[in-house]
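First the structure, which I've put down as structure tokens, then a few questions once you've had a look.
In this document, chain identifiers A, B, C and D correspond to the written order of the chains, with residue numbering beginning at 1 in each.
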Amino acid sequence: MSWTLQQVSEHNSSNSCWVIIHNKVYDVTEFLPEHPGGASIILKYAGKDATAVYDPIHPPDSLVKNLPKDKHLGELTSAAAKTTAQNAENRVKTRDEQRVDKAQREKPPLSRILSLHDMEAIARKVMSYKALAYYSSASDEETTHEQNSAGFSRLFFLPRVMRPVSQCDPSTTLLSAPSRIPVFISPAALARLGHPAGEANLTRGAHRTGIIQCVSSNASLSYNDIAAARPDPAQVLWFQLYKNKDNAKAEERVREVAALGYKAIVLTVDAIVYGNRERDVRAPWVLDDMEKAETQNAPGVEAGDGVRQPGDLEELEEVDLGGCAGALVAHDDRDMTWEKTIPWLRKVTTLPILVKGIQCVADAVLAAEAGVDGIIISNHGGRQLEYTMPSIEVLYRLRKERPDVFDKIEVYMDGGVHRGTDVLKALCLGAKAVGLGRAFLYAQSAYGEAGVIKTVRILEREIVSGMQMLGARNVSELVPEMVEKVDWQIMASKL
Amino acid sequence: MSWTLQQVSEHNSSNSCWVIIHNKVYDVTEFLPEHPGGASIILKYAGKDATAVYDPIHPPDSLVKNLPKDKHLGELTSAAAKTTAQNAENRVKTRDEQRVDKAQREKPPLSRILSLHDMEAIARKVMSYKALAYYSSASDEETTHEQNSAGFSRLFFLPRVMRPVSQCDPSTTLLSAPSRIPVFISPAALARLGHPAGEANLTRGAHRTGIIQCVSSNASLSYNDIAAARPDPAQVLWFQLYKNKDNAKAEERVREVAALGYKAIVLTVDAIVYGNRERDVRAPWVLDDMEKAETQNAPGVEAGDGVRQPGDLEELEEVDLGGCAGALVAHDDRDMTWEKTIPWLRKVTTLPILVKGIQCVADAVLAAEAGVDGIIISNHGGRQLEYTMPSIEVLYRLRKERPDVFDKIEVYMDGGVHRGTDVLKALCLGAKAVGLGRAFLYAQSAYGEAGVIKTVRILEREIVSGMQMLGARNVSELVPEMVEKVDWQIMASKL
Amino acid sequence: MSWTLQQVSEHNSSNSCWVIIHNKVYDVTEFLPEHPGGASIILKYAGKDATAVYDPIHPPDSLVKNLPKDKHLGELTSAAAKTTAQNAENRVKTRDEQRVDKAQREKPPLSRILSLHDMEAIARKVMSYKALAYYSSASDEETTHEQNSAGFSRLFFLPRVMRPVSQCDPSTTLLSAPSRIPVFISPAALARLGHPAGEANLTRGAHRTGIIQCVSSNASLSYNDIAAARPDPAQVLWFQLYKNKDNAKAEERVREVAALGYKAIVLTVDAIVYGNRERDVRAPWVLDDMEKAETQNAPGVEAGDGVRQPGDLEELEEVDLGGCAGALVAHDDRDMTWEKTIPWLRKVTTLPILVKGIQCVADAVLAAEAGVDGIIISNHGGRQLEYTMPSIEVLYRLRKERPDVFDKIEVYMDGGVHRGTDVLKALCLGAKAVGLGRAFLYAQSAYGEAGVIKTVRILEREIVSGMQMLGARNVSELVPEMVEKVDWQIMASKL
Amino acid sequence: MSWTLQQVSEHNSSNSCWVIIHNKVYDVTEFLPEHPGGASIILKYAGKDATAVYDPIHPPDSLVKNLPKDKHLGELTSAAAKTTAQNAENRVKTRDEQRVDKAQREKPPLSRILSLHDMEAIARKVMSYKALAYYSSASDEETTHEQNSAGFSRLFFLPRVMRPVSQCDPSTTLLSAPSRIPVFISPAALARLGHPAGEANLTRGAHRTGIIQCVSSNASLSYNDIAAARPDPAQVLWFQLYKNKDNAKAEERVREVAALGYKAIVLTVDAIVYGNRERDVRAPWVLDDMEKAETQNAPGVEAGDGVRQPGDLEELEEVDLGGCAGALVAHDDRDMTWEKTIPWLRKVTTLPILVKGIQCVADAVLAAEAGVDGIIISNHGGRQLEYTMPSIEVLYRLRKERPDVFDKIEVYMDGGVHRGTDVLKALCLGAKAVGLGRAFLYAQSAYGEAGVIKTVRILEREIVSGMQMLGARNVSELVPEMVEKVDWQIMASKL
């Protein structure tokens, strides 16, 4: 069946809500309350074409999968499709889009990017405000996010001289798979917000540079698409699992990714509720205000308004879910336990299991006792509980208090890594490798796959020369005695 | 008897000082030296209508109660009353009032308030300078006030994962009364400075959200009015007692509030002299200067002036008492002791007793030995002795040095709480609940009762998601092992 | 004999150098190399009237005392004196003088000065650049000067409540003499730089407020003049002794001040060489540049210049001595020892002896063993050795490591005191009293004697209310348990 | 043979690359891949006169030595030489050169330089951007460079009073040679970047002031030239050895410098790979951009560009080598060991041996065991491995953990020294002397030899008065008890 724009436009309320995506018409009325990002964002496009906002934050097959067949209402008439295409083309770009276009034209050649800081600086210029707000945001005052970095600045090196280092090899193996440097791509969502090719940039870049990518459950490409983007089917990918509270669904997901050739399950345990990322929530308001020529004169709220609106709290919840951060946590299992969940997962898969989101020594010990293959010390890039201990500090405590854990399981970490020296500090303390999330999102946003490759090359150069200056020929020669925690602080301006 | 404005205006000196309040005429000549805020502020309105400045900082019945019947001289003639009303209406608004009007018109809808910081930011814009100076001021350089907040930033979490938290309940009981979240409204004075409905906003908001309000002795509504503002007479209110040095008067006050249904006496022991709040003292000068078109050219003081004025010190004292902070401390008991005062209070009431203003471990121990029901660790929001240890630090020391105290009495704290994470840190260390004072004053100043409700809702959301991310299903699962004090500092720009 | 201006003007070089001071003519040719402030500053006025620059930094009788009788050449002719007076009157004021005049006219009434910070802020506006540079300067980067203050910010109070404090007495006795508050005026030089009445402001202010003044050896009034300025001959003054290396001269000085009624000798031991106060040295250059309409285009120094000038080092020394800081240290005894100097001083006087300039625990112990009556822990306001431990930190260490010293001798301190809380911290740690130097110089510069009185009154108010809030009725109830040293830092913006 | 400019200009590619230096023509085609600074910088001048860029960064005989005789193609024709000279003369100065010229004209006379900070401030104004970038740059975020200085700010003095210090002698002996103050010139490269006379300024200045110069292996004058610059052949010079991996070449170098009268071999062990000095690498881009009238509109890199250019990594390496920092490390020995290298060096020379670049206690101990004469604790001015422990902290740890090392070998340090107090702190902790590198480069850049002399005189004055105020008559009286490490921080604005 075919629909005119007029017909679709009549279904523009929560009573009947149709949307157009890639010239197809869907009835999402019943789906509204289930939408992870909240109903209001869909209602903004009720009766209209939503393709442009849908695309960067959903895997292409997301709607098809989540909506019953009978809600797939059919296509636009060809006249309607043509009009839609023209509308898209004629649309006046927003101020933010114009800013991005200019920044893209003026960005420097890749050869001038010397560090991950340079890369981020360019990305911050060329990204849309919405993408930047989503990538950069962290919880509350973003303290843990900042401290993830600052934590590294409290570790200083005690380098050893007069050691033969002309032959220096930074490679290692992660869960038995080789990695050219002790770095992996941490799962980070919605790569297509920053670049049209999205997660595929990461996959191809990882292949070119010989490192491992851990694919996010909330990727803007499906895990099928990402698996398909591998230049070589033997390329090692890991899968980040947000476990569904329905064990059957969760098992199905695990079996699917195993069948696609993913090589490990990274069970994420620190994101069972969504973090309070205000920068992300505020993004649409900022953009709205930006579009208005004059300063926004929001109609004042009379004293007592809240009282006349018993729905105050409900309204609040919706607002909180409005940002990109309103990720699909509604169906996640909030009642996982070591006793129940790990044995279940062992039963449904033979893949190695990493638990991601360990934030204290006690849980690292429990993880080792639970028999997983490894842990990723992580606080979700400071995007979940504010004032969680920085990852490198947790690693430091684990080394000091329970060095035996490093013998039982592989220990990884992510959060706050910007330099080769950061990687080396973590390795000295016993980490097998460190993950970077935002850094790779920024890199692919700024320069696509080339940005990903460049990022790895910069890290490799910094890691190799750092190892040589520390007096280490290979990663096993990076030892705890080479780092010392100091009690002074680096100036704010440096961090 | 009725008076013309002319008649009243003749009594415009300290020899004979009449003032008009709500069209009634009072002879305050003999009251001048007793006025807690100093004589000079009254003399500014000698022979004139003082309603506009009287209202926001005095309970309506304050003058009637404090002035002998024979000083109630009668009413204005109806012509005079009419003139007074016209004068009030025609009065050109001050620059500060104009600023406030504009800010009120432009403030954002309540739905855009994401945090208590947002709420305070709006309040700072829409409040009068005088109100803001009174609410925000603290002693000397305001170090303890700042450190009350900064103290929380030195506590980091060690969250536990893999715990079932889908059912998470933040409720608790305070002195056996239920509270929906472990938060209460700390006694904070003069709510009508910020909003016409004043403390009633707090009372109604507390009722709607299921938390307890502790009413200030210096409220701008009387404790009768506040009790009357309860939508439900069973609503739990606590009463903050500044004990009069005259035991009989103090006893009368306690019996009155007990009769009104107040459920606890919060004996405040840290404010027997007034703190040095310079921002508050300076407020009238700032406003004066603001009104003057050109920069103030104050006549220079000749060298030696002070010598020719033997009254230099007296003048100084008056100035110090000029701000809103010149609270009624003249009649307060400066000779309270554990041995004498607590037994006396036990004798005059059966209500539970909290001692507010504990600032060290030693006094917490003495309080427990004295048999009170609980303590509130507090430094009066940094408004009394500068460089007093931050409240959260005192709580931390009490947990470390004398954990037994928590078994004997209920321990509360206030000072520096802005986020759900702050509440959770205090609870992990053993607090039953935490109080917020300024935050609620700001909220009601910005949005009235709705602001109060919103504040509780924000805290509830932050507390619940924080508990889930910490791995706690209820407040009893918040334990000391979940927080660690660190020796590094958060950057100044974040605090 | 009488001289014309023409005659005097011919003696304008180092070969023959005459100057006019208060219409008298002096031949200072042979005195040039002995001038503590260097020859060059005198040569700038060779053959001219030097009264205006001489007055603020020399006691009136200084020249008469230091110059042999035969160099007193006589007076100006009356015509010359008249011309000189007219020249002085007609002189166009410098930009800095004009700035000062304007600031003096606009300064606020004394009643608006709430704190010592306010007082300093006004003083900084109304003082000449030269005076400010001399008063405010400290060594090198002025780190110890800053840390003298910052040190107090690391001490927090643990106040005690429920103690009877309605009667609170801040008085004490210093070397058996009564003092209304535990504060004295530290010796600080050149008060006339800031105010024409100079040190007499301090003397009269101290009398009015019941505190003790320690008179500087480098005062801009002679110790005779200062003694004469006492309203009551019984007023207690102490004398700061910079010991001459010639014991006979030193003894004479001690006997003189004893005869004048000074009540203690404060032997200063930390200023045997002059500190590197660059702000002071630079002051004349800054003023020179200020006078020039356009940016100064100093003739460039060719590469190698220094090589062609073998006198490079000598020139350097002169420059260093050019500022006001170039105090009379040339004749000071740089070889004092505990074994030799204290017994000598005991022999020549029966006055009590304080040793000022103790900067470590070890020397405090040696002082007690040497049998002096007391010590002043001091680093000369941060004006001598940079990176010397802050005074309050030395006091803290003395309390912790050698509490017995406080039983043997009286312990004082100065450096960094701005608030009543600072005084109370020092007293809690065992100090009998604390000295303030710059604060009193600033106060008298801004408001003369009235400023001095106001300063004491502010401190008294802050001390008394602080004692009450700490739970102390008198200074003996201020104990070490009331302060705790913390390991965090107050934000830079607060200090 | 003689060449026209036209003939030379035809050899302008990597296939055939000729350059003109001082009117001589060289074929550097085969040398391109060996050039330590990378091929691209030479290719920029292929077929052209490269004298102006060659001179400041190469010893005059560098090309002659490194190029086989048959590549010395001969001279320019006299007409060509004339044209070249005219071109050089007529060349329009770059914006940076114009800025430098103006700054040179306006710089203050040397007598106004009070401190090494003043000296650096002038140098920063009068130096070319390229020179400044090379001198000032350090690794990554320049943290270790900053912390080298900041480390001193955590050491405070505990001065002793009442000690006879009128006679105070700051002299010492370094490897048995006398030094007027405990300071030496650390090896720092490329002095001619800052001043035409280059390292000779240092040599002559050291002679005039009686201190020792350690000559850099990468000096812009040859070690022969520098030896020849000594006014007195007995002047003590040390030689910094970057050991060639070819032992024969290394031995030849050692013998040569011994024959020239160098008095010690300073084997540098911390610079076997080049540090990541981004400021230096970026310098040419900054200068390029500065020359362009409008903002640079670099052609955008299309997404994926990096992928289409398989040479991405190679390009990166070249860029990294582009700055002045791309020093001659290609031939350095990266496989030195204590067991092999020290015995070899002992065998080839009888000169005393210092090992420079010790960065931890463990290696200081190994050095002592290896039998060298001394060590220089150094991290290459923060120019090698970022986050290496500051030198003064390493010295502090060595004193605390292994005081015996100071009895076995002479211990030196460099890094972060700006003040006499810094020198004194290091000496109190056991250093024989401290080295300054950048400070001397800045001084000679600003004022040539005179700047070097002035620098030593300032340090001498600060050291002597500091010793007197500490109570030390000579360097042996500077003891560990005089310094204490504190746990607070100096404000950022002071460092």
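As a convention for this text, a contact is a pair of C-beta atoms (placed from the backbone, for glycine too) under 8 Å apart; a residue touches a chain by one contact, two chains touch by 3 or more.
Just so you know, these numbers come straight off a predicted model, no measurement behind them.
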item	value
Labels of chains that are neighbours to chain A and to chain B	none
Centroid comparison with chain C (C-alpha atoms), farthest chain	A
Residue-number overlap at the chain A/chain D interface, same or different (half cut)	different
Inter-chain centre distance, chain B versus chain D - centres from mean C-alpha coordinates, in Å	63
Inter-chain centre distance, chain C versus chain D - centres from mean C-alpha coordinates, in Å	44
Residue numbers of chain A (touch at least two other chains)	487, 489, 492
Category of the chain touch graph - line, ring, star, complete, other	ring
All pairs of touching chains, each written as two labels joined by a dash	A-B, A-D, B-C, C-D
In the complex with chain B, residue positions of chain A that touch it	140-143, 146-147, 150, 154, 245, 269-270, 272-276, 278, 281-282, 285, 297-301, 303-307, 309, 312-313, 315-317, 319-320, 334-338, 341, 355, 357-363, 366, 384-390, 393, 487, 489, 492, 495
Chain A - residues contacting chain D, complex	104-112, 114-115, 153, 155-166, 195, 197, 204, 208, 419, 421, 425, 447-451, 453-454, 457-458, 461-462, 465-466, 468-470, 481, 484, 486-494
